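One chain, chain A, links the two complexes that follow: it is found with chain B in the first and with chain C in the second.
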Partner chain A sequence: MTDPHAPALVCQNVSVTYGPVTALEAVSTAFDAGLIHAVVGQNGAGKTTFARVASGLVRPSGGHVAINGHVMRGGNVSAARAAGVELVHQSFALPPSFTVAEAMEFGATGAGRFFTRSSLFARWRPHLESLDISVDLGARIRDLPVETQQGIEIARALVTQAKVLILDEPTAVLSPSGIEKLFERVRRLKAQGVTVLLILHKIREVLAIADTVTVLRAGRLVEGPLMTTDVDGERLSRLIIGDASRGLAAVDAQALTGAGTVEHGPTDAKPVTAAPVLKLSSITTFGDPEGPALQDVDFEVRPGEIVGIAGVEGNGQRTLVRLIADFAKASRGGVYLGGHDINTQPLAQRRSKGLRIIPFERNTEGLSLSSSLWENWTARALLEKPLLRLVNPALLRSECDAALKAWGVRYDNVAQKAGALSGGNAQKVILSREIDRDAKLIIAAQPTRGLDIGATAFVWDALRQARDRGCGIILISSDLDELFDISDRVNVMLAGRIVGTFTAPYDMNAVGAAMIGAS
Partner chain B sequence: MIARVTHILRSLIFVIFALILCSLVFQIAGYSASTVLTNVADGAFLRPGALAQSLRWALPLFITAVGVGVSFRAGYFNIGAQGQFYVGSICAAFVAEWLSGAPAFVVIPACLFAGMAGGAFWALWPGYLRIRSGTDEVITTLMGNFMAGLLLVYVTSGPLKDPSGSGQQASSRPLEAAYRISTSSGLSVTIVAIAVAVGLAMWLLVNRTTFGMLASLAGRNPVMVRWQGALLWKLGITSFLLSGALAGLAGTIEFLGPNGRIASGFLPAHGFTAILIALVANFSVAGTAITALFFGGLASAALYLPVMAGLPSAAIDVINASIALFITARSKLLDKVLRIGGHSS
Partner chain C sequence: MNDIIIAVLRSGTPLVYVTLAGVIAQRAGIWNLGLEGLMIIGACATILGIVVTGSITLALLIAIFFAVLASILLWFVVEKLKANPIIAGLGLTGLGLGGTALAIQSFFGSQSAVNAPFGLPRLGPAFGVYGVLSILVVLMPVVVFALWFLLCRTRFGLQLSACGEHPFAARSVGLNPSMMRLIALSIGGVPAALGGAELAAGSLQFFGQNMTAGRGFMAFAAVIFGAAHPIGATLAAMFFSVLSAIGIRAQLVFGDRVPHDLIQALPYLATVFGLWLSSRLRGGTNGAVTEIRDN
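== the complex of A and B ==
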């Protein structure tokens, strides 16, 4: 029997380099067994890299990892698994063409054994049910919403008797109630003696769930593990973003650290009277593969205002975006952009009228991960040109370089594949592409999901500045603090309808009640 | 830049592996591998006049392969180059027949145009089916190859039949000398000029136009490009049409140039060699030019081996096949073994 107080996971001088990039530099730390540990840090700080080293996916270029006292040969997943370490990825790694049952079987055994469909179902249904995941075991992974995919990833990681479970930004894809459920699950695991490492961005979540917190910055260990009882939100945000935290507006700091409930709206809001930049008049859509159809939605966005959309995920937010982007079709009602009826116009034309979209799915809808940064970045500008227009790649590359620098993206060079960026940096590439001078209506779907607090504040500022330039902005978020902090008003969606409109000062309880239809 | 050099190096290593594998096969089959390989090198490049011969084969292959690269880049696996090559040559042959007697400066451009249109049409319907209803283009274009092959048999033994031809292989009537763009040697200023023009135009299109950039983005992630407002069908159909037209053009060049006629089942491996070239070159236009020259050399060596060295020309098939094997097996494992620098994937 190992000593119960011995650290479950020890890092000794761990360094990782990717070509010229140093992702981790001489990180030494130890995580006690049986606790919930949070790992935090800015985008690109090296959190994912750290998780990959611990789970044997990446071999450190220096130093080593020890699990329960055993020094691991780096870069060996099966050895790490055998020692009891499991990792749930930030961007999911389940094979998209597998069914749920196949993915479970494959993930659990990793080996090819003979099986029948029904035996697989019989084996995995109880396991999934015990974790409260309701899903059709015959459904293909790629057809499932991200929330369910994550549930399956966690279920997969928990099949073996994991002693150390690492979850890479598990809350980023979840709704508030989903997060509560996840935390419940994590606490149960702790009670069973599992050591859990959570990579998180939201300080509020850190303080709510973790026993200790460890801070990384630019590949180095800043501090930790610290007991969460010994730190407060303000100190933690200072540790994460360093001196930059002084530049945060007090209201943003409050929304970011979760110090109290945000009720204020924008402080300098003046009533907007200009003609709406977007108007949906009694829109009903056909059924949509990604969510409920919209029912009789009346909705307006005026220039110079940020309209928040609150709601439990899957209540028509995606359909709304898809309608405006010409993916979902209206069966009744009108869609007007800048006063023009755009119902029959293709997306390219809508975009040329100033529509910009920061889509829900960053890695598929937002970026081509296997293409270079500059190609991803120039896609929007290219689409405004005729197909046979000559372009100058060198010029585009330098424009891209300047734009990405201005947005503070951490990258090596613009010819890098977008897939090599950390999650938050990838999102900044999208933002820098979609928030430009000619934007008139910006749809921001979960724009700060997975972003560190510095970047989140940056995005809020960018959206506010766009608003002040006269853009209309639709902000869809599952983070009520975010919505309350920067929206001029907040609409609540439920089952494809808009069921309530709120203005500052916001009443958290009333909005929450509207979201679940309890008003 | 470094990435590109690395890539070319890596492809070269695959070719070298393939040659090692071939040597093994030759040895087992009872030939001396070194004799075979030196004779292949002789036949392809070293003996006097070999380079011209290799170029004769390389130019049409290059044109078809560039087209294949365009559709592959856009994410469509048009493997119907062979059929498009045939249909192009058939259309050109018909036009030459109809316009027989007209001046050459009318007939030749008309043939080139007809050949490209024919090849494009043979790529259009699989492209349409793919984009309209998701029909797998690998299957339709492959089917198209068989249909075009049979069409060629019909045309050369029916409407365009050469009555004086021997019974061996049905073929069309020989083209009047005035309409030929090269002698049977297959190399002429016109053909070189066409190939250079195609190369430059395609290099520009692929690397320097909106279309080229969007198509390659769409090939990697169509969803993202769709969210940017691109009409995928436009990019897709254009890519299909271009690749078909270029294969058709190559067919027309073979008809107007070295062959001077079309015969049933002529150059049956052209399209597949072109696909192999495009894959080895990783769809880059410049890379395709170099690779085409290499495969052109192999094609001319195939003719040289049995005559000059008494070796079976099947040796070349073995070489082609093993290169194909290694290129398609560019597996993770091999990549890992060959990884240079350590941070490409």
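== the complex of A and C ==
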């Protein structure tokens, strides 16, 4: 029974259906104890569903899960937790008004049902310290930066003696240094004997951290667990997206798999001389709730170029987007869109001039999760019409249907709520709405976060095509590979200023140094 | 001065009890607009209980029984029949108001009020002018403290709040939000019944149709004003009572020069003002991200 290499988690013919959608179909696999396992697959492949079945949140319609040899009754979280399985969700799940200490306590089991504020702090401080999370235990969850929130989620999952820890796309919300720290933490857990399952999209990350990799596609097990020493990036991308991988341009494949240094994708390299579509002239903004104020930013985007913005998250990227979207105000300087001063214009007017935004937060800023897909999708067109114009819902629905199909969104029908889509598919809905024929300036803020490699390449192509049509594009990303691959020029932001401009061929070290101000 | 304090305690105590019932429901995620119904059920059952059994203890137990039963009914309609909780709560209020009227008519013919031979025990002459207050007034701070402890200082309380604020998070740690709501509503039935009992048998000794006169809704306003915190909501309820006491004084002083309705509206105006103030102080909340895939 205590054989260290007996499988910690076994799935036998697990199937899950949501109404007409089959999310998992007869998946059988086994994960050895004490290793780090990656689970990969396209958006909507069923990764999250798999994690929820293993953790008891979703009851499989067929098959079963066994933990450390014990067959679980499906759909019982308490039993799964008692057996040692814990799940950290893709979009975090802690009550936002709770303090850190309360967030630890509410999921705890065992003795100590009463507490005072200080006894609660005393109970959980050592736990957080042992995980190397330094945070004020009285801070509220909603006030914490996302990296700390994730740390708290992991700490929450470890309040009981977890033997199997499942992390659903933990790297999607993290900066490169945050990812490094997360991997450090995961390795330490492995050293303590915890079996870790990581759901990942980036092949580079899989190869860097995992011992084995398991591939799902359209609810079925494709292969796995394979030892990562036996696979390379190319094979893995073929397993994930199937034959489609043959269509990938070589540079994209490299940026996606992280094999070798990324070079700038081929462009026709015609020097762009047209008048800038966006121009910021010595802009200084007021302080902003979502990041540092911009200081003396001079910046322009010409039609037909992709301008990348690199920088550690929280250095003014959000303020930049908010300025262009009329959420943050300039105290000095001018904002020009297509040559017009738009400083005093509301967002709707800016949009009618061709401004499009793919926002940072898809669930709160990009979509209304409780509205239907077609309502979300038609918001763009409706915004530009006079308030009392009649609309034809049937026509809008069929337009939406066609657009979403063209973008390869996996959905059931356009009346579905946006919240029922898998994370990656939700992002595609936003892309299909914001990248249209009338777009003149597209701001893409982390557009490929949480997307699978096929979808990522798809987005890159869509952005390139928009550029070739004459759009100006601002690409904000924390993924340098992505920036180097598709940007014609990369600006680095630090503390609300633009501290460097780079052109291809990019020097990874120089950009990295500029990002942390070590030049 | 003493008589003002007594007046405030007398009108405030029933309100506080009912408010507490609202607080615990709110924490578990149910906007309980049935408080008015629960309160009047408590009031009616107490008086009828006294008349029928002749025992105040039995009368209180009967009141609690019916209020808890009505709360469970609300839970069933909301959680099992998936009705809109606001509508269901209003339905419970209607049921309480109509049901109690029906009850006294079927017991006592076509009367619209019932008198009881005695009410709740008083503190007695040892407490001087305060001797006229009922024991439920003195018990009130104890109940407030107990509920505060339960909600804010126990793991159960945290779990209850989690079920209300983020049901998916609660489910992820193995809780059953629906069951927690049943527990919360059932517990809430107890103070709601006590609030009704104090209203009908605290300083008075009778039950009349519609005698709650919107106090349940005022209690709900106190829940919101007090941000569903037991202490905050209690203070809000007492604040409303002070406002109405001032209103009554004003009426005596100014007579008809100030519209009666305006004075009655004071607590509600105060609520609107308080909500505006607290949202200004707290700053815009960036709408909690809830995962609607939770089902």
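To be clear about the criterion, the second predicted complex is superposed on the first by the 478 of 519 C-alpha atoms of A that agree within 3 Å, B and C clash if a C-alpha of one lies under 4 Å from a C-alpha of the other, contacts with A are read in each partner's own complex, and residues count from 1 in each chain.
What we mean here is this: a contact is a pair of C-beta atoms (placed from the backbone, for glycine too) under 8 Å apart; a residue touches a chain by one contact, two chains touch by 3 or more.
All of these numbers come straight from a predicted model, not from anything done at the bench.
> Following the superposition defined at the top, how do chain B and chain C come out on chain A, clash or fit?
Once chain A is superposed (C-alpha atoms), there is a clash between chain B and chain C.
> After the superposition on A, what does A:Asp436 contact: first (chain B), second (chain C), both or neither?
neither
> With the two complexes superposed on chain A, say which partner A:Glu375 touches: chain B (first), chain C (second), both, or neither.
The answer is first: A:Glu375 touches chain B but not chain C.
> Using the superposition on chain A described above, determine whether A:Glu399 touches chain B (first), chain C (second), both, or neither.
It touches nothing on chain B or chain C.
> Considering only touches as defined above, state whether A:Ala348 meets chain B (first), chain C (second), both or neither.
first
> If you stack the two complexes on chain A, which partner ends up touching A:Arg81: first (chain B), second (chain C), both, or neither?
Only chain C is touched by A:Arg81; chain B is not.
> State whether A:Leu367 touches chain B only (first), chain C only (second), both chains, or neither.
After superposing on A, A:Leu367 lies in contact with chain B but is clear of chain C.
> Is A:Pro95 touching anything from chain B or chain C once the two structures are fitted on A? First, second, both or neither.
second
> Tell me which stretch of chain C runs into chain B once the two are superposed: 94-102, 166-174, 184-192 or 202-210.
It is 94-102; the other listed stretches have no clashes.
> Output the chain A positions appearing in both contact lists, the one against chain B and the one against chain C.
364, 369-370
> For a test of understanding, state which residues of chain C touch chain A in their complex under the given definition.
Residue list for chain C touching chain A: 149, 153-156, 158-159, 161-162, 165-166, 168-174, 285-293.
> How about chain A: which of its residues touch chain C in the complex?
Contact set of chain A toward chain C: 55-57, 76-78, 80-81, 87, 89, 91, 93-98, 102, 105-108, 112-116, 142, 363-364, 369-370, 417, 419-420.
> Quick one: in the complex, what on chain B touches chain A?
Where chain B meets chain A, its residues are 3, 204-205, 207-211, 213-214, 216-217, 220-221, 223-231, 234, 238, 341-343.
> Of all residues in chain A, which touch chain B in the complex?
Against chain B, chain A makes touches at 18-19, 325, 346-351, 357, 359, 361, 364-371, 375-376, 378-380, 382-383, 385-393, 415.
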